[in-house]
Amino acid sequence: MKTIKKSIITNKRTELLDITNIIQKEINDSKFNNGIVVIFTPHTTAGITINENADPDVKIDIDYKINKLIPKNDPNYLHSEGNSDSHLKSSIFSPSISLIFEDNKLILGVWQAIYFCEFDGPRHRKYYIKIISD
Amino acid sequence: MKTIKKSIITNKRTELLDITNIIQKEINDSKFNNGIVVIFTPHTTAGITINENADPDVKIDIDYKINKLIPKNDPNYLHSEGNSDSHLKSSIFSPSISLIFEDNKLILGVWQAIYFCEFDGPRHRKYYIKIISD
Amino acid sequence: MKTIKKSIITNKRTELLDITNIIQKEINDSKFNNGIVVIFTPHTTAGITINENADPDVKIDIDYKINKLIPKNDPNYLHSEGNSDSHLKSSIFSPSISLIFEDNKLILGVWQAIYFCEFDGPRHRKYYIKIISD
């Protein structure tokens, strides 16, 4: 099965955007029962993560604290684009995650969502979905 | 092969619990020679990582330092459950890891163990093991 | 297909070394069209990540900032080898990453490279490449 390419528009410099339904829809359409799915973003200032889907304050607190730990500005940064913090956040959150599906359904906790992580927006972004059936 | 579901009981608010033997046992039982295994926890305040299995002080130092960087309390957190730090730690360590096995044996360094990471315990927790043969 | 084992020599205590061409070469040689590749390092003080390949200052800034957040020395570390910081960095960056390839070519952004992350060098290091065809 071909790799699926998706577009997403982000709205802030840093934010988490829920892409769970999009991933589940592609698994539905694949008709595969069991396997794994790799989600990957081709950007060096973005990431893919899993976190809570219920209280929106969790996303805000994650965003607040990672920006407090790794603020945008540091007088010692050399990179002229002013987004060195975004690059480090991308490596820390990772641009890739592997998930499991069973009976054509993602295995996720009841409070879990899959998030596209924007660390240097707002921008037009891409991510890829690769579904492997076993 | 069906996804395997495991339970684990944690004992502290934050700790690393060695699950290497449990993963290897499932690979043994699968009878698969070669492939990959995805380990995934369905909790938003836990993770899966790899680190040293020899000196127990390494686990203590990891736990100490991540809690120093991201302490439980911050007056700016909005989330009312008081575990925003745990959510961020989950995204930083990741709830998912992909490993390789060859000749029915996990490829791990001699000092490596697979750890279930508790960031908001003690609790009864779950994780999933998906073995893909090539 | 057998897991591929690679050696790499690192030159500093902490640095990022570009291994993209080595991974792509193994995918070429596999002749597989489509699938995923898991890259894994068996060391507890190293990691695998993806980040920018263009401006070398990005690597320097990532290295600078992660060392500022998690310096080598902390009077509260117990582990006697003096590399507790390296162990934590390994868990934060992860020793494993899963990537996608299509038409025998890695899916990577135009600015992305795959990096071996040294957190306690200089040393002789290893990493493994597992290619799964779908």
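Each chain gets a letter, A, B and C, in the order it is written, and its residues are counted from 1.
In the analysis below, a contact is a pair of C-beta atoms (placed from the backbone, for glycine too) under 8 Å apart; a residue touches a chain by one contact, two chains touch by 3 or more.
As the structure is a computational prediction, the values presented were derived from the model and not from experiment.
Common neighbours of chain A and chain B under the contact definition above: C. At the interface between chain A and chain C, under half of the residue numbers appear on both sides, which makes the contact a different-residue one. Summary of the copy comparison: rotating chain B onto chain C for the best CA superposition needs 120 degrees, to the nearest 5. Chain A and chain C have CA centres that are 19 Å apart. Within chain B, residues 69, 92, 94, 97-98, 132 each touch two or more of the remaining chains. Partner chain C is touched in their complex by these residues of chain A: 1-3, 38, 40-44, 69-70, 74, 76-81, 84-85, 87-88, 90-92, 94-98, 128, 130, 132-133. Within the complex formed with chain C, the chain B residues making contact are 34-36, 49-52, 55, 57-58, 60-62, 64-66, 68-69, 92-94, 97-100, 102, 107-112, 132, 134.
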